[in-house]
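Submitted below is the structure of interest, expressed as structure tokens.
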Amino acid sequence: MGIFKKIFTPLDALKHLGQKPHTIRVPYVKKEPAKRYRGIHVNDWDKCIGCGNCARICTCQAIEMIPIDSIKVEEGKTNLRPQVDYGRCSFCGQCVDVCPTGSLKLSTEYLMTSTNKDDYIFIPPKDRDSGEGTGWESSTETSMLRFDREEMPERNPDERKLDFEPVLLGFSEQQAYLESMRCLGCGLCVDGCPTHMFIPEYIQKIRDAEYNGAVDEFFKNNPLPQICGTVCTHNCEDNCVYSRRGNPIQIRYLKGFAAEKVDNYGDVIKVDPDNKIDKKVAVIGAGPAGLTLAFYLRKYGVQVKIFESTPNAEGMMRYGIPRYRLSEKTLKKETDFILSTGAEIQYSTEIGKDIPLKNLLDEYDAVFIGVGFQQGIPMGVPGEDAIGVLQAADFLRDVAMGKKVEIGNKAIIVGGGDVAMDASRTALRLGAKSVIMYRRRWVDMPAHEEEKLEAKDEGVEIMPQTLPTEIVKDENGKVKSVKYVKTKMVDQGEGKRPKPVPIEDEIYEMECSAVIQAIGQNPDYSLFPDDIKEKLQFDKRGKRIIVDDYGETLIPGLFAGGDCVNNRGDIVGAIADARKAARGAQRGRGRASP
Amino acid sequence: MGLFKFSRSRSLWMMHFCTGCGAIEMPPTMTSRYDMERFGIIPMATPRQSDLLLVTGYLTVKTLKRVVRSYEQMAEPKYVIAFGSCTMRGGMYWDSYNTVKELDLYIPVDIYINGCMPRPEAIIDAFIKLRDMIDKGEANAWKNYRDNLDWYKQNQAKVFDINKWSAKI
Amino acid sequence: MRYFEYFVGPQHVGVTGNMSYHLWADGDEIKKMITSVGYLHRGFEKLMEYREWVKNVPMVPRICVPEPDVNEVLYAMGVEELSGLVPSERAQYIRVLVLEMARLSAFLFYFAGAAGALGLYTIPQWTIGDRDYILDRFEELTGGRAYHIYTTPGGVRRDLPDGFKSRVQETMNYLKKRLIDYDRLMFENAIIVKRTKGIGIIEKDYAMNMGVTGPNLRASGIKADVRKDDHYLVYDKLDFDVPVVGDGDIFSRIMQRRLEFDESIKIIEQVLEMMPDGGFIEKLPNPIEWKVPAGDVYVKLESSKGEFGYYIVSNGEEKPYRIHVRGPSYTHGIQVAQEKIVGMRIADVAPFLFSLDVCPPDIER
Amino acid sequence: MAIIIKILEYILIAFGVAILGLIYGGIGRKITARIQNRYGPPFYQNILDVLKLFGKRNEASHGVMFDLGPVIALTGILTSLMFLPLGSSTPLISFEGDIFVLFYLLVVSPLGMALGAGEGANPNATIGIARGLTMMLGYELVLFVSIIPLMIHYDTASFYKLVQMQGTFPNWNFFPFFLSAFAGLIALQGMMGLQPFDVVVAPHEIASGPMVEYSGRFLGLLQLWHAIAVIVETGIIADAFLGNGGAGWFILKTFSLFMIVIMVAAIFPRFRIGQAVKFYWKYPLIIGLLGFLVLFIWR
Amino acid sequence: MSLDVEESIKQDIDLRLKDIAKCEIQRERRLKLYTGKDRVIPVLGFLKSYGFIHLAAISCVDWLDDGEFEIVYNLWSYRDKAGILVKTRISRENPEIDTAIPIYEIAETYEREIHEMFGVNFPGNPNLTSLFLEDWNGPPPMRKDFDTRKYAAEKYGMRDLTEQLKIGMDKIKGVRDGDEIL
């Protein structure tokens, strides 16, 4: 019976004769591919930044970067767009997974038949895109890239606000390794750096723990790596491809980390202090610009003499930036190295007062002015003459110099820039309560985001959209309170910054013991005699000296750099200017080479 | 003649020769889910009986010899469909020492299908395209092969020792 | 005496892929066979030495076309072991899911091949049609039908889509229903039994000595399964049997797969139930320039064809120094087939080779 | 004159039978497809295939015999068509003993194939021919054994008479001689070369056997041969066991038989050649011999 | 995770193959064994009799800098559920090592492949014919000094885009002015 059954069980299959087949009648019926299907590429040209990571990951070398003339090149963006060769592509989607912007994706379309194989090479446009959520696309979570950064360890806000010790604890080696490993080496960051540091190269060296090599890379265009590695305004990070969708690589801290690992730059950077050629350059101001210039000129044996008005070098780096951000040790290490290259320095000598500028111009082959902005701008409200109304620049300088500054128990800081943050946090460390008043919104504050957050963490009260209208004096002429109004933002049309307009209806008053004004600084050009000042050319607002590509002013042999030339107001800008000027002197412009 | 053309385009017997990994999507195309027999396309066991050669992906030198030989055995008119990236410019194996990169140097190709692997839908799409081309009289790669035989043989000889090879057959 | 010479393949229906045999027959009886492989040799091992670690991820699945995920998982496992990366629990469960689904689809392919070799052309139409439903699930999960390129060192590339588990369960239910049909048409078919029983016997000791692994070895009567012996991923937490048929002939090899099919469905259902929440990938520090510490490692797993192994050597650079792939068909596809086919009839050549599940791409790489 | 009309009529019939056979084949493919859960080709697909084959350029020839093989095969089947009563209509040639001639002619076609394919020198073809001839030993015997009781019963060796004497439903031979009919059906399966007896073409084993070297027009001729053979072979069984009737009935009967054959083919794998012949010499032969018993009991 | 089985295997191996092989435990179920070129066959013989019946693979690693080939025999014991890698080094100049066929019959194919891919000679193997390649006229392709990209470019005329990629990436990297300009 068993065998009989076995012969007839297959007959069971005949039941399918009456069933509807499960065939999909392609092409009359279309079967939608899965949402994640990896089909033909699409690329959003606007979002794409042309970083070329897709081309680098492609195991088939199917992607080439093609320059497209119609695309404008911006900072952090190139006009290269990926061109895909489907005669090579294997549709793995790894290019999508390394696309930092998420512009590249694989659509669900896959039909492409042609008699000509050259049809299969093209630059993916956007128009084939079937919309969000279809096709193979990468989010920050699914991307191969790690959009989360290694958080820089900081001291606890409650603890750190009590003293002037550095807030940042620095990366551990593992952290630095992981953070540097994130770098894809695309090099778009370089455009953002005013001095065009060799960022991918040094990050590569840091990854391999070759700190000496990294320092060597730094000094190619920045002689203050550790200072920059701590307090730089890090424009490079804004250009980092990771910043498009996540946290950029902390290029700044990586640099600081590597610089800190090398105790003595002299081991790596060989500059002979006794090598002196017959050229002399005077540098006014031992700030970042002055020091940079001194280093690069010394590297080529030029004799350099720096004139500094205060008893210490470093300029604004010492007096503008509080010690909890930039430690004494760091400052000393960098300046000592630069001075060890054979640059002479004369402290406490103010040009214009102690020595006339004319003398220098006569005596030296070239003179470089890197004086920076020293004078604070007053707010222009009633009661500004009260005791206890300070300029942030003066306040910070005095604190840095160790002078006793009396601010009482509550300080109101007016302004929203980095200086305001520094002033408020310094005031906090002096034992006062700090309040920041700023007339625009939180997002409009020019200070860096992390600065704002750090200040907030430490307990600084930040009042955006607040405009002081009057400073009230008590009977001793001391500050008693500040009267202020709230503002509202008025749209100024497309492309313009909204303008704060005071709401006059309600006037508030806040008690305080000091008011620190941090709404900007102006240069002090008193060192220029009138005849020289006439020959110089200034910008429209009369603040900045116009120089040419080599940092030279209209007066031959007179170079300028730093805050008095650029409007960046940061260290790395000064360094860039100084390098320009150094190059100018080297190229033989001005009187340096008659 | 029109009737012959019509029947030619609707009765494509393809050679059952799985040359590369593209062969993995052929069974689904041939079987119940996509069922290409609807278009009169069925696999044939021998090149003599086939009209259509599917080069399903990369060809190693060793396979190329057999493919060329099989192709030459096919009765004219005959058609070639090339699957996926590997047949166009090497695909994934662009730097392999043992696979040929550009198929059309060695045998003429009527249609290329995009994909790695092409989906069954794409394969059917190509079949329909080919059908239309035959109807219009455009699928003439086989004539091309006959006319430019020397060129093709030259290219083939570059890859394998043609004298040694023909001595074998 | 001169034998009748007979060539099979590479252009032939009766080969299990792009390979060929040279047969010498005396009448209908095979006297000698030489397997010729190399039609698919792409030099993967060489190509992988030229590519960075991550760039090999799209490369490896091409090694075994019917069951590509095995390669991805193995490669990922090897690299992870060298580098100390540990994928999350969820990723491991997903990998098991993918592996077992791939096993099912490979078995369906196998049934199709075996039935086709015996001339039962309805079974290929059914099984490969039904395999397509598994491919649909794969497509949903991985974005690709044939090549999934889903597992990558550190985990898997995407999380499960919404409602995926229930759809996999539906597919499994469908397959379970269809298995009854297969049983009636194929596994209980009297002619199949008659054609395959007692033919092409591979003895127990011989199989073991010749390095035959996987279902073929178990069909010969040895209970050895890499999933149990060298437990990888989360297989030790799953409850499944290792069936052993034991006769070593063609029929027992087919039945062996049939029984393991049930076990795989069981595993998939357990995985769906037990899958924990959590991350699906530990991202690599850098996708392109990542360096793997120097060392060497042999990882292996149980594919539908047997033991698949990767011997990976790193010298601490961005690229692998050497990767040796041990394809399961290597042993039974060349030497075992050559030796065991002697004395068989011409008609049994195709069923024998299909029953061994010889997959040329994994022999040749 | 009458002979010319007869010849014209015959040509017409042959043409019609060929078309019918091709359509049967097409429908058969569709039915198989349905069992396999799919739609299958259009029913006229086989006609297109043949047309296409005739439109192809012939590539290689392996000699005169190679070219003549398909012609002999087609001629053989066309001649056997002359002896086959299509339902109740008179065949072109009919005489006492034509059954033997018909059976003899059925062998001519495979022999023609054998001659042609043998010249092709392809080992696949050679094996295929060997198998085909061996296979014939199996099913021809069974077919004979299943028809002989009828011949004895009606005491005639003329096919036409046998059909005529059988009468219409329910006087079909099928009912009394069901054992013989069953044996005949099994033989039909083998004659048609379908599973489980498709050892001759067996793609997985010997590519497509004898046809392996044929292409173009010759393959077209072979396809036509196949198409006509479908009608002739099912026609023999239909005529012998399923009574007489008009052309319509004939078509219906042959079609039904063809469908049965196709369905069986869809659900069985193929035997090994030895097994197939052994099978024929065992079960269907025994069943056929038992059919003789019916003869004695019934009489 | 205890390593009892592995330890006992190691002890046994150390005891029996004290002078000719060095054994170490890699991890759970994985051991490594280093031995000299001449000792391989006896070592394999012992290991097979010890229970390592399954020869999973024979690999070859080309240590170009050392001028050596490393032959790795990959064994597995069904009884102990442990694998062992037997490693030996042979010189690259005259690569030759005795065949393992007397012990593992399956070694024939593995050795055939290594012979083809690395040019290693296995005296005693009767079937060292080509396995994968046909009409190959280049050097053994898996050797480190064989450049597949160059070979493919020459033979098949396929261009290598590595250079283009480099140029493209340099274009992306934008302005660079190091102090060399100074």
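Order of writing sets the labels: A, B, C, D and E. Residues in every chain begin at 1.
The working rule: contacts are C-beta pairs under 8 Å (C-beta built on N, C-alpha and C of every residue); 3 or more make two chains touch, one makes a residue touch a chain.
No experiment lies behind these values; they were computed from the predicted model shown.
The chain with its C-alpha centre at the largest distance from the centre of subunit B is A.
Counting C-beta pairs in contact across B-E and across B-D shows that the higher total falls to B-D. Chain C has the Cα centre that lies closest to the mean of all protein Cα atoms in view. Taking the mean of C-alpha positions as each chain's centre, the chain lying farthest from the centre of subunit C is A. With centres set at the average Cα position, the gap from subunit B to subunit C is 28 Å. Centres computed as Cα averages put subunit A at a distance of 50 Å from subunit E. Separation between the centroids of subunit C and subunit E, computed from CA atoms only, is 23 Å. One finds 43 Å separating the Cα centroids of subunit C and subunit D.
Counting partner chains per residue, subunit B has residues 16, 31-35, 38, 45-46, 62, 89-90, 92, 94-99, 102, 116, 119 touching two or more of them. Under the contact definition stated at the top, the residues of subunit D that touch 2 or more other chains are 33, 35-39, 124, 203, 207, 266-268.
Shared interface positions of subunit C, i.e. residues touching 2 or more other chains, are given as 12-13, 38, 41, 43, 46-47, 50, 58-59, 122, 125-126, 129, 147, 185, 189.
Note for the complex: subunit C touches subunit E at residues 37-38, 41, 43, 45-47, 49-50, 81, 208-211, 213, 222, 224, 229-230, 296-298, 300, 307, 309, 311, 313, 321-322, 324, 326, 330-331, 334-335, 364.
Within the complex, the subunit A residues that touch subunit D are 10-11, 13-14, 16-17, 19, 21-23, 25. Within the complex formed with subunit A, the residues of subunit D that make contact are 31, 33-39, 263, 266-268. The touching residues of subunit B, counted against subunit E in their complex, run 61-62, 65, 89-90, 94-102, 105, 158-161, 164-165. The touching residues of subunit B, when paired with subunit D in their complex, are 3-8, 10-11, 13, 16, 31-33, 35, 37-40, 42, 44-46, 48-49, 51, 73-77.
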